[in-house]
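Each of the two complexes below includes subunit A, the first together with subunit B, the second together with subunit C.
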Partner chain A sequence: MEERLAPLERQSLGCMLLKKKKLNALGFDTQKFIRFFFASNASVTIIVLVLIMLMLLREGAGFLKTYKYELETYRHAGLEFCDIVDRPLAQHQQLTSRLRRALGASLDTISQHARNRRDAYLNMKRQIEEESSLQREALSVALEQTPSAGDKIIEPLRTQLAIAGVKSAMSLTVRSFFSLDEADKIRAELSQLSPETKDIPAFLKQLNDHFSTSDKAAKKSFATLVKATEIFEEAPETLQEILIEIKEHVLQTKTAANEFNTLKSGRLKLLEAAENTQNPVEKADLLKEAAATQAMPVDFHQRIKLVTSRADELAEKVHQYITAIQKAAANLPTRGSPAHAIALLDEVHHELPLHVQEMQTAADEIKTWSPDKPVSFLTVIGAFFFGSNWITNSSWQDSFGFVPLLTGSLIISLIAIVIATPISLMAAIYSNQFASEREKELIKPVIEFIQAIPSIVLGFIGISVLGDLIKDVSEVTWLQWIPGFPIQERLNMFNAGCLLALMAIPTMFSLSEDALNNVPEAYVDASDALGATKLQTVFRVIVPSAFSGMAAAVLLGIGRVIGETMVVLLVAGNRIAIPDFSSGAGVVFQPAHTLTGIIAQELGEVSRGSTHWQALFMVGIVLFCISLIINWCARTFVRRFEQFKA
Partner chain B sequence: MPPSASSPKQLPPVVEFRGVDFRYSTHTVLHNIHLSAERNRVTALIGPSGCGKSTLLRCVNRMNERFVGARVSQGQVFVKGKNIHDTDVDLTQLRKQVGMVFQKSNPFPKSIYDNVAYGLRIHGVTAKDILDDAVERALRSAVLWQELKDRLNQNALRLSGGEQQRLCIARAIATNPDVLLMDEPCSALDPIATLQIEELMQQLARDYTVIFVTHNMQQAVRVSDYTAFLHLGKLIEFGDTEELFSNPKQKLTESYLRGTFS
Partner chain C sequence: MINTPIQPKIDPANPFVGRHSRNQTLESFVRWVLRCGTLVIVSVTAAIVLHIAVKGAPVALSREWPFVNVAFLTELPSTLHVIQDNQGHIIETDVNGADAIKMELGANLREEKTISYSGGGILGPIVGTAMLVIVSVGVALFLGVASAIYLSEYASHGTFIEMVRLAILNLAGVPSVVFGLFGLGAFVLTAPVFTNSPLDRAIFTLPLGFTTLSFQGWDTCVLSGGFTLAFVILPVIITASEQCLQAVPLEFRETSMALGATRWQTIWRAVLPFATPGILTSSILGIARAAGETAPIMFTAALAFKDKLPWQKDQISLPADASLFAHWEQNIQRFLAIFTESVQALPYHIYTLAARIPQNEYSERAQYGSVFVFLILVASLAATSIWMRRSLRAKYKW
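This part shows the complex of A and B:
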């Protein structure tokens, strides 16, 4: 028989209905307090995000104003005037270097043999001198001693040197362009080298003479080319002289303007301090100090007159330069040997018209140039978002163009996504649909572990392993059909892209695996019941159902890649220039800098509040916006997915 | 015991169980089942929860065997006179011959057209006119054509619950199977949608052999020609529906029908 429990005692109704006394402080009872506590934790994240946005905006917003001022000074002081001519003139150097290479190649056809013989002799001489350097040193020390060390000491040293000289001369391997007789002569001469003999050895003298005669002969037979190259090289000299004068002048103007500006803001600060202070002595001091910093503003008008007045002269020189190079180019041979030189000359011929045209426009432009043209905010925004140069700490003019950084970031991200997307999606499909339990237990933790690798460590791998690997592979002969091979730089966008792909894989893999997991089992039942094979079910039902989730996974992967800093800073090569797209897909093997990398690299070194500082914050704002947009897209994708989840 | 022998048999059975035992790895859930479903007739499987109705139904298209350790341990299942566990039986073809509709409607998140055409497509049909034709026939058979013919490209998940279930039926019959299995097809539907499906089931029996599981005894009476009553994995009674409900031969059947236990 079961034991009956005593019934529980019940309180009377009156007792239950009475309100209990609760803990109450500042109008909060416990319930409210706990609720408030949780709410505040949630709001902290939102508040922090808003603060970050405000911070970025506050620091970055000033950029447009300061950069506008800089561009105004650039124009008012006349730096722009110089750049009109200077920029296209840079092309001249490239043309000259091509001409020089062509000339060198041409001359080599005649004088190369003589020069090689002389250079080989000199090399052997150096080798012997190095091998017997100890004995030589000892002897010269002894010889220089005062009073003279005496034959007793000097003679043995001399013998030692002679022995060493003969020994190394005998072991010389003489290059094939010396005959056997000559080789013996060389050995004999070189074994007798001593610090006392000052004359040039006879055979060397002979080689020298031979070289200079053959060089003369070469120059004579390529006289037109030599002459044309000389004219070409000298063509911009007078132009550059004037330009340098003007440049010095405008740079002075700019420096003065900047100094005045610094003084002015300093004075304003002093005056403000004086205003605020109560102590009359201190106030007087501050006012005195402020008065001392009084400076004359720069008279742009007066100073620019000196520049504009020389515009005609400069244009005249530009025209002279153009005629000079055209004349020189007309004299360049278009056929003959060697082919290499002709190819280089062809390039010069090809590029010259464009250069001439650019110089022509420059000449016209400087005549009509006016320093008073206003700089609009649109120009400033354009200069930032479409500027193709990021130049800082320049003695001439800083410029903050955003395009080289953006292209770097975009190309690297593109590489990373192209590599990571198929790998992670396929891995996710395999692990979710086909893998056995044991395989799953291996695949998932391993891929997710990649996320735990610190990015700096991946950077090491990029520098020490992947860089060399890519370079070695690029030198394999049967892979030369790949554009960009063989590559020049170990650290390049492809290398960085590969590592970023590795970093994006865990994100993409996990999220797309979740998306696949969320596909209702009922779909699989329906597909199976219709007689679908596993592959058909996976690729016709499961993957399409998870598509939006997988797309969101890829987008979040892109977000991760765009924002990654350390790896790109270490591995991307950090060359601030728009990559050269002329080599097609080979562009990926060029180094580049990125939006994130530039901030990490430069923010620590700039002075707070400077234009450069603000420019970096602008880059930060853009980066923030990109991430925001990507996240928003990912969310939209997921929301579309949720809508159809039964 | 009234096995298949006692049921009327002017038509040869399409599905036949001969002494089937079914086990999930360690425990046996079906014991020595003898059952046959006549061509173009509706057969209802009734019984209390966990008696093995669904398992029995899923034996016909071998859907149970997707789980590790689940198998028919004794006896044979014949579909159209062929033992479906013979090694030369192609599972995909078997499932093409035996369509199935589930308790909860499960259209794919695709368009209505793609849903119905799915079965044909996975069996290699790509010709547009054949697909169009089959989709129309299937939707007409499922009494959906008039409602949906103008919005075949709409996502199937936007349809109402009853429409979704009829779409699933259309999808199952698009491959023109012989047998249609239905696992409690109305349990998630409202009374009106249930009525529509029940009417549909009777119409379908003209072209297909229908076997369905139900909890609702009234439904079995309304729809089926034959009824099988299962209890604890054993077939207790099988026969003409009217006869079984009005004059059960077994005590257990009688008490179940009276509601003494469920």
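This part shows the complex of A and C:
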């Protein structure tokens, strides 16, 4: 035994002696060094992830401080004071517009026919003028240039215009509310249009007169409604006058405060530079410059006193306004108008008490309002995460509330997921379980191709084709039962959602197909052995055991959709407002803005370090967190169900 | 036997065919429903591609030899001038042509419309996209393949590996616009440069004697955009490369090790040669992805309009007695300067055409032409990748 072991030992000893020392300068041997090189490359992914967080935080974290400062100025300067009254007063405009629409609808019962006739005539006139614009312009130029002589030049131009006029008048389609005789008359009149005759065509005059008489008659028969609407409209005028005065005053305060602040920070920079420089001449220069920018800080207290002293007066005006609108509302007629006008008036009646109450609380609030209430960081965070306005470059007050952006993103993602989930799961089950080899060879490359289509191309399709397609479909008569139809905006959330669904399909499809593939063969065999049919095997065995993977696929699809930028930027319509949910499911046909879209659209135009810039980075932080959370959810989903299965 | 068995209906043409049971009917119904879902995807894709091809092919292709519209592919974008004379003739031309035609027409000029970016061709955007892709794929391939080698050949289970895998997973899910923000913060505003006069905004400067290393950023340029894109496609490249490395059978490594080769020799001689074709194939998909991304380059590299190619630059001519070294230095600097310029890029060009200018019948030509060319480029990359993968699969069978 000992003899056998001996050569082994000797050999290893020989190895030890003969082995070259592969140590480099740092004390690493080469193999370790190579390993270290690859490991450091692998750690780049972690570093990048951390760097993303750091960069977002570095640029965005200052937001809380600067926005807090802005909100403080907003309070100290008294802008908040004005907004207490101004915000609820905005409701007045909506009420007025309802009244106006009700009034218009009522008047239409009498004067609509006359107005339509006049408008149709004017439309036809414009059309003919457009069609013969070449000849018309030539003639008017000739008339201007040679006023005295040149009949020889002008005459052929005149005939050309006449020919063109007759030609387009003959091809004119006259709307049905003109009789045949009238249509002939219109054609004759319109074919003679010429820049030389200045007076209005006779038939148009007649139509105009007819319209004005019927309009007068209509106004007379709805006199109470007209009167009430007028009173209602004029009610806030005195209130607004005072408000505008105060607003001007507080804006001056705010601008002065901001100016002082920029001067101050500039001066601090100069002083710092002066401290750092060694050259005494330069130092003196810098100090001098700094001294020149010395400015008086704004005395908020002095200036706000002027505002608060008028609180009682303002409250008095608010009360006057309230009594005025209540009186006007009481005078609104409840019958005699067409049904939808009555419905509008009912809405006004319905909403008025709320508006009155809001104004009342506003009047109470301005009396007790104080500019010295501190702004806490919680308020700032609340103003960002729960603020319902995203207003930038405003002359009054910028506000960065990201609720409208979040709602836009969420609704669009929801639409996309609702469309994409069934389709991609169906396709995955089909291609995994039912499709023939030839079909598979078609489906898989197509899905891979969809993944390769750049998002900007899909966005372009949305702008150039899909928008018009959806709008045309929404005008089809037998589809009017769908809420939101006919749609107003070509670019809306539904449009973006459809395109994003197409973008989410590859992710969802391939991940859920993987999940289906990973179902153990034994499950299928067992199911077959028990005499299950193909359908039973697929829907009772395979799909349930692949469920966790499919759920993760849907989640990752959501992640893809929320993070998509170019499609929503191009197609979603970019209106920064919380969508109006009053129309039910029709809300999907409204335009909106999104978290990703706002960054892409606005970041290029703001200066570095401003509140706006920081706010956009805050949105970036939120997006980053959302993507991390979705990833984490998908992972836990898969894990939990795998444990459960085991 | 009381129950008489139900006589199955016999098909006269084929007496052996069985009766369709309810289950079979249900199955074929479900099968058709699923098939329809799949067909929706395929037909929508086909419709989109066909629409772009029908509208875009007349712009980018031509009926005569060489069957492509050479002018469209080799000219820089410019402003389109549409001139109409009093007789109603419409002439589309560029700036220089517009002046000549206006002179010729004189008083006969009726109106002139200008449509930004819609004239000329799309050479600038194509070149810009190519440069961005070269930089990003270069960086991403280096980092990605190295990481994949570590993950597949060296790594054992451990916290570090778990963290790397988690990071890759999360990196893949980060929205592209957030990558844009990262690129803006990291490369445009903070990355280190050698300069003699550091800017104030540098967060950190390191004097080196002959020059200063200043962390002041690279500004918007090809490098910034390329690096940003590199991190967008890094997860794709790592995952694909790791798969390719894993596909090489374990026996190859064992054999190599048994022959006394070191770890590195094994990787270099026995694993990489068989994995490289696969890695390159999947990197083509990375190229397609990098070429298609818009959001990451919006703030880091892309310009809406530029009337010069990156290398067309005024250069100071050296004095006649300049040394060879000076000439060298200038050439190297000129080469580097190409990458420190902002460029136009195809996706951003399409964005500009689609969203930044008013739409009318004259802007449509440039829009569909660019989209068509872009789609053809990206689709051919993807098709090459798919085709190569198939032929590789047929070639390497272990």
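As a working rule, the second predicted complex is superposed on the first by the 480 of 646 C-alpha atoms of A that agree within 3 Å, B and C clash if a C-alpha of one lies under 4 Å from a C-alpha of the other, contacts with A are read in each partner's own complex, and residues count from 1 in each chain.
Note that a residue touches a chain if its C-beta (ideal position, glycine included) is under 8 Å from a C-beta of that chain, and two chains touch if they have at least 3 such contacts.
In this text the structure is predicted, and so the values were computed from the model without any measurement.
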(message) Tell me the contact category for A:Tyr523 with respect to subunit B and subunit C: first, second, both or neither.
(response) first
(request) Figure out whether A:Thr533 sits in contact with subunit B (first) or subunit C (second), or with both, or with neither. (result) both
(message) So in the superposed three-chain picture, is A:Glu448 touching just subunit B, just subunit C, both, or none of them (first/second/both/neither)?
(response) second
(request) Could you look at A:Pro544 and tell me whether it touches subunit B, subunit C, both or neither (first, second, both, neither)? (result) first
(request) Considering only the touch criterion stated at the top, classify A:Ile562 as touching first (subunit B), second (subunit C), both, or neither. (result) second
(request) Identify the overlap between the subunit B-contacting and the subunit C-contacting residues of subunit A. (result) 533
(message) Could you list, by residue number, the parts of subunit C that touch subunit A in their complex?
(response) 23, 26-27, 30-31, 33-35, 37-38, 40-42, 44-45, 48, 51-52, 86-88, 110, 142-143, 146-147, 149-151, 153-155, 160, 163-164, 167-171, 173-182, 184-186, 189-190, 231, 234-235, 238, 262-264, 285, 288-289, 291-295, 298-299, 347, 350-351, 354-355, 359, 364, 367, 371, 374-375, 378-379, 381-383, 386
(request) Can you check the complex and tell me which residues of subunit A touch subunit B? (result) 520, 522-523, 525-533, 536, 540-541, 544-545, 644, 646
(request) Write out the stretch or stretches of subunit B touching subunit A in their complex. (result) 61, 63, 66, 91-96, 99-100, 102, 104, 106-110, 118-119, 121-123, 155, 157, 168, 171-172, 175
(message) Quick check: in the complex, which residue numbers of subunit A touch subunit C?
(response) 30-31, 34-35, 37-39, 41-46, 48-49, 51-52, 55-56, 58-59, 134, 137-138, 422-424, 426-427, 429-431, 434-435, 439, 442-443, 445-461, 463-465, 502, 505, 509, 533-535, 556, 559, 562-566, 569-570, 596, 599-600, 603-604, 608, 616-617, 620, 623-624, 627-628, 630-631, 635
